[in-house]
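Okay, here's the structure, questions in a sec.
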Amino acid sequence: MPLIHISLRAGKPEAYRQAIFDSLYRAMREALSVPEDDQFMTISEYDAANFRYGNAYGVARSADVVYIQITVFNTRTAEQKKALFRRIAELLGKKPGIRAEDVFVNIVDAAKENWSVGHGLAQFA
Amino acid sequence: MPLIHISLRAGKPEAYRQAIFDSLYRAMREALSVPEDDQFMTISEYDAANFRYGNAYGVARSADVVYIQITVFNTRTAEQKKALFRRIAELLGKKPGIRAEDVFVNIVDAAKENWSVGHGLAQFA
Amino acid sequence: MPLIHISLRAGKPEAYRQAIFDSLYRAMREALSVPEDDQFMTISEYDAANFRYGNAYGVARSADVVYIQITVFNTRTAEQKKALFRRIAELLGKKPGIRAEDVFVNIVDAAKENWSVGHGLAQFA
């Protein structure tokens, strides 16, 4: 049940955006072993005037930069997070073909009691 | 001062979206005892191509699924969170009439020192 | 590498929105000492029907209220956060000229291992 909010500049074709979803889902399956069809994701598209990026930390980003904010269980280990970052960059690099410099990921930890995936229940508490 | 970001597929009438706000506000009043007029919420509408959902965890979701991400004080108890989940699903079920399967809620905890609700002050620190 | 998502009512001119970015960047430089060009921000604009605000906590907000959600390292101190809140309100007050009552800020803490600012690496872990 990771919940993913993706932010990028407007104008990419639908196939490109679907490929982002597909690659993120596959990365979560492989690095976090999430169950099948555990896909809860949105893509927000921004005009240039509403999207700001910089080149801090020695990374030459472009207007194709994608901000990926992923909220997960706070039980995920540092090793799992590292594997997730690596796999996301690899898979987005293949499909839809995003440069590794343009993959920006932030993880937010949330306790198991902080999730209700339907029916008003706290399924994991 | 919970801050709520709601994500759903585009196309619902305004009354439907207002009902989501109203029900979430009422759920917070009842389950979290937030003060009167403590309403800080946005609704983002997504085309099908920018919104992905799955059926993981044995829940038969539909295109009406709503992702509700709520940032609250990290002092909220597991019992309060359970009550909030239950009340949100009940109230959204009545108004605007969302199936319990389509109510997906994630809580993010933030310390009291992490909030400034105006004037540049940390009112709760 | 703070990641900032800004939410406000639609309709402000581009210069107004650029001024929000500029002031937030400057506030982060001064209060958090972030490196040069550490700018990762989005602005989402909402119609009135998709944006709800209230007057809780004795603050007379207007339709110009701005919700600023900032995810930062969980190593930031309460003093840094206070300085950030103060500086954000001061600078937004000057440029683009937002009333201090309308500046609503929430900080989300994320561990150093939770960030990948490019190349699939966990640069700060």
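Lettered A, B and C in written order, each chain numbered from 1.
One rule holds in what follows: a contact is a pair of C-beta atoms (placed from the backbone, for glycine too) under 8 Å apart; a residue touches a chain by one contact, two chains touch by 3 or more.
Values in this document were obtained by computation on a predicted structure and should not be read as measured data.
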| item | value |
| --- | --- |
| Same-residue or different-residue interface between chain B and chain C, half as cut-off | different |
| Size of the rotation, in steps of 5 degrees, that lays the CA trace of chain A over chain B | 120 |
| Centroid distance [mean C-alpha coordinates] between chain C and chain B, Å | 21 |
| Multi-partner residues of chain B (at least 2 other chains) | 44, 108 |
| Chain A-touching residues of chain B, taken from the complex the two chains share | 7, 44, 46, 49-57, 59, 61, 67, 69, 78, 81-82, 85-90, 100-109 |
| Chain A - residues contacting chain B, complex | 1, 3, 5, 14, 17-18, 21, 25, 34-45, 71, 108, 110-111, 113-123, 125 |
